[in-house]
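Letters A, B and C name the chains as they come in the text, with residue numbers starting at 1 for each one.
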Amino acid sequence: MCNRREEIIEKMKQIVGEENVVTDKEVLEDASHDRFRKYEGYHKVYTNPLPAAVVFVNDAEEVSSVLRYCNSKKINVVPRTGHSATEGGLETIVKDSIVLDGSHMNRILDIDEVNMQATAECGVVLEDLENAVRKLGYTTGHSPQSKPIAQMGGLVATRSIGQFSTLYGGIEDMLAGVQTVFPDGTICDIKAVPRRSAGPDIRHIILGNEGTTNFITKVTVKLWKYYPEHQECMGYTLDNMHDGLRIMREVMVEGYRPSVARLYDAEDGKEHFSHFAAGKCVLLFVTEGPELISHATAEGIRRIMTKHPECTQVETKLIETWFANLNWDAARIEEERKEVLETNNVCCTTEISAPWGAVDGIYDVCVKRIMEEIPDITVFGAHASHCYSNGINLYFVYWYNVVDCTPEEEITKYHLPIKKIICEETIKAGGSMCHHHGVGKHRVHWVDKEHGSALYMVKRLKEAFDPNGIMNIGTILPYKGEK
Amino acid sequence: MRLLVSFKICPDLELLREEDIILTEEMGIDTHFLPNIINCYDESALELALRLRDKTKEFPIEISAFTAGNEQAELTLKSLRALGFAHTVRAEDEKGYTVFSSETVAETLAAYIKEYPQDCILLGKEAPNGNNGIMAGLVSEKIKHPLIGPILDIIFIDRESVTVLVSDEGRIRKQIVSLPCVLCVGNAVISKLRVATLRERMKVSKTESEYISLAYPDHEYIAAPKEVNPMIAKRAGYQSQKDGSEAVRDILRNGLQKVLEQI
Amino acid sequence: MKLLFVIHGTDNKIIETAYKKKQKICRQMDCIAESCVYGEKEELENLSLELLGGRIYTLPVKTCVVEAISKSLHKLIREIQYTAVVVADGDRAGELAALLARLMNVKCITAVTELTKENGGVRCKKMIYNNLLCAGFRLPPEFVISERLAVLSLRNERPEPLDHIVLEPCRNPHYILEDTLFEERRPQVISPVLIAAGMGIKRREDIMKIREYAKHHGFSFGVSRPVAMRGWADISEIIGVSGGIYAPKVTIAIGISGAAAFMAGIEQSDYILAVNTDPSAMIAKQSDAIIADEYQNVLQPLFENLEKFTYPRHHDLSCR
């Protein structure tokens, strides 16, 4: 172990205590990557340099001390909470990084029923927060599939979004206040107010920063009353993805806001709905909220659907059963590990967003190109799960057999070429190459095209808040130095 | 050489919520809204057959798959053809009669094997709906091929025999068994079926399964149920209303301590 | 009714359990049962058959092949004119029962959990649909079943005096060309306390910790099949129909849903405590108590309390 590493470890122990600094090889290996390199990880192959330590922090002051030290010594810091990231954002791509883990900061600090807000430390698991507020009859409205494992800090840092976004919005609509720490050790509190016009909305410096400019320590999110008894589910099958997109647009443009509006193409749908919709696309809506609103929204959508004979309604129970089993948890991730090791069949995703006018073209060209250009694909499909008045997202889901290549070659042979096609075609068509998973370290190749002239703003933010470039090197903006 | 795997498509009962349990007239549970899966032991059998075919270089092995069920099985059968199963056979059972009747499935499978003899037949140990665990035995007896199992792995096959690992009440035995035979697959080392690529699936997109009718045995030895009821509480089921260490203390006070003191 | 109880005798634990089950069957059926214990010659010679008592036929076999065993048993059944057969639970119990039923030309049910005499015939129950339903059957007085009976309480009765008859060995059928031991049974810890871990355990590390804890305190440890299939435990640690059947004083079932295949492995426990966040999970109806909380909140205080009761360690070759 070189002196620098020892020095880093020693200093970390002084700041957070010996018991909060982990240097076990297995832990460091696991900490050097995230789910982007899951295939390598399942094979216990670790291509990134191992971090010097995983450092667990317990409060904002410890975070401040750690960052101040790392800033002075130019040590790369990778902020982490739930470890559920999918785009390489948690990879330690340079030597002697530290992974700064906030998962021990896991207290729910306040549930404010008058002001309809809940405050939690960055390490609170979203599902725990959701369960706590549900006991009081509320919901955060935030329900990504990673809910059982994702934690609040990471969810804000990646601009995450959940299954009920069409009604409740993404995390950016839910975040009322936030506390964060910058590389120079400055702890900033943004107070939770309903709205203000006191300069630019500085929450957006924090939202989506992916750990590249600050470490989030505490969040305050809005609450809504929870009305599960008024949920109404509707499901339809249809032949054509484009028809489905057209209908989704109609629902949004007419002004309806279901909590869930999802459209699966036949390939992606096969994984979920083959027992009643083999070879068909599936369109799903869920409405919720106060009884009159939920019911009126459902009625409005049903009326739209009656004008579409190409859609066949399916039994509600089919949708309810599917919905009840949608979320991922640690157990499912472990099952995936065994399945991947036995079958060599891997599932990855790339999510994009596009204006209504572009989404059909993006879907068609991606399907065509991937089928033609990528070998060993076993499934290539997509679903749309977040709707807006001005567009929609597409969540491409693809499975491939890893054939005749080592674990470390898997990404270059399959995952990155697929991502390249999707990102380039999306940007070319006027969409965004990342809807809600973040840029991470593997979409940086297209971030210049993604932002165009506005890349200037992204770069200046980074320079302003992280002048020494110690925060999560290689994320959002490409790293040009030596790894 | 010919190898046939018999498998069952079952509803994924892990996804069934208690509030959704509705009894049917056929004395089962209404599961039409649940996704289907391949019975886990059968899935192992399917993958073992493929691996055996892949590793046997000396002579070709033609593998077939058989199931009894409705058209919900077609997706799986198509995937199996894409993976290289030369024949996929479905005994048509739109009404779900065979969900419970292992003997009808065994009779049908036996009739098929008599017409298309196989060197080795693989089946999973048991399937969830009926919990009978006798299919392999019934088939073995009907076609007069020996039954070996529950097997954990198939190591080797040649024209005369197959070498398998067999579970024996906790022991593992290595047996060389002459062909033809029936292998009953238990907790195999392999549990997941490989996945066909899109191109493999496209190659078989125009192919179809072979369809046969059910064959009914002259006499059924396995008794049919006279009644079914939701599972009643077999034990007291005291539920602590407390959490954490309070719950533990509560449980101790309400029965556990007494039991522990008897030890 | 002349009833024969068929047991695959691998060790004395099986014989002890068989005695309890025979008692139960005789009580429920109001009859006397004789037994046939089959197994390898060396194992049979090491069994303490007096623990089972009564008339016992032993059938030495070279390899447990159902077809060969069923033929030998059928010969005995015809000779003594047994009218009913109960096959004790085991790897091949269902197949053996089905084959015997065909040979005897009688009805058969496998995995029977309850058995009572009724109106000249027999009433049986078994669990189906992953323990979600209980199916009831009626059989005439001539039948074959394989059992999965629970034996919760044991009356303190001495076994009958032993009357042991050795049958002609069952030869290896011609189609077994070679048969060798590949792996011996792993020593299992037999303890009055069994800790069982299921899919509700979210992390491999937690499974390891629970296993370590159990081993350290001399408790038995096992998992549900999906946990082993996930690679978090060895196949030899599976509890249930495809693994070990236990009859401890106390079972602590952590993160277990209660599927039939697993429950068969623990239902003979005197007391079952479930730890499961879902109070309506199947296991709730099959447990004596349930703590509906995250296992992380419960295990420490639970294990601390278990430690107050010390248990001797036992090693045995089988847990059945």
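Everything that follows uses one rule, which is that a contact is a pair of C-beta atoms (placed from the backbone, for glycine too) under 8 Å apart; a residue touches a chain by one contact, two chains touch by 3 or more.
These numbers were taken from a predicted model, which means no experiment stands behind them.
Among the chains, the centre nearest to the mean of all shown protein C-alpha atoms is found for B.
More C-beta pairs in contact connect the chains of B-C than those of the other pair, out of B-C and A-C. Comparing mean CA positions across the assembly, the chain most remote from chain C is A.
Centres computed as Cα averages put chain A at a distance of 38 Å from chain B. Chain centres here are Cα averages; for chain B and chain C they lie 21 Å apart. Work out the mean CA point of chain A and of chain C, and you get 47 Å between them.
Within chain C, the positions touching two or more other chains are listed as 229. The multi-chain contact residues of chain B, meaning those touching 2 or more other chains, are 16, 191. The set of chain A residues touching two or more other chains comprises 338.
Interface of chain A with chain B (complex): residues 270, 272-276, 278, 315, 317-318, 321-322, 324-325, 338-339, 342-345, 371, 375-380, 399-401. On chain C, the positions that touch chain A within their shared complex are 199-204, 226, 229-232. The touching residues of chain B, when paired with chain C in their complex, are 13-14, 16, 18, 21, 23, 27-29, 40, 125-126, 128-134, 136-138, 140-141, 146-150, 152, 161, 165, 167-178, 181, 184, 186-187, 189, 191, 221-240, 243-245, 247-249, 251-252, 254-256, 259-263. Listing the residues of chain A that touch chain C in their complex gives 329-331, 334-335, 337-338, 341. Those residues of chain B that touch chain A in the shared complex are 15-17, 20, 32-36, 47, 72, 74-75, 190-199, 201.
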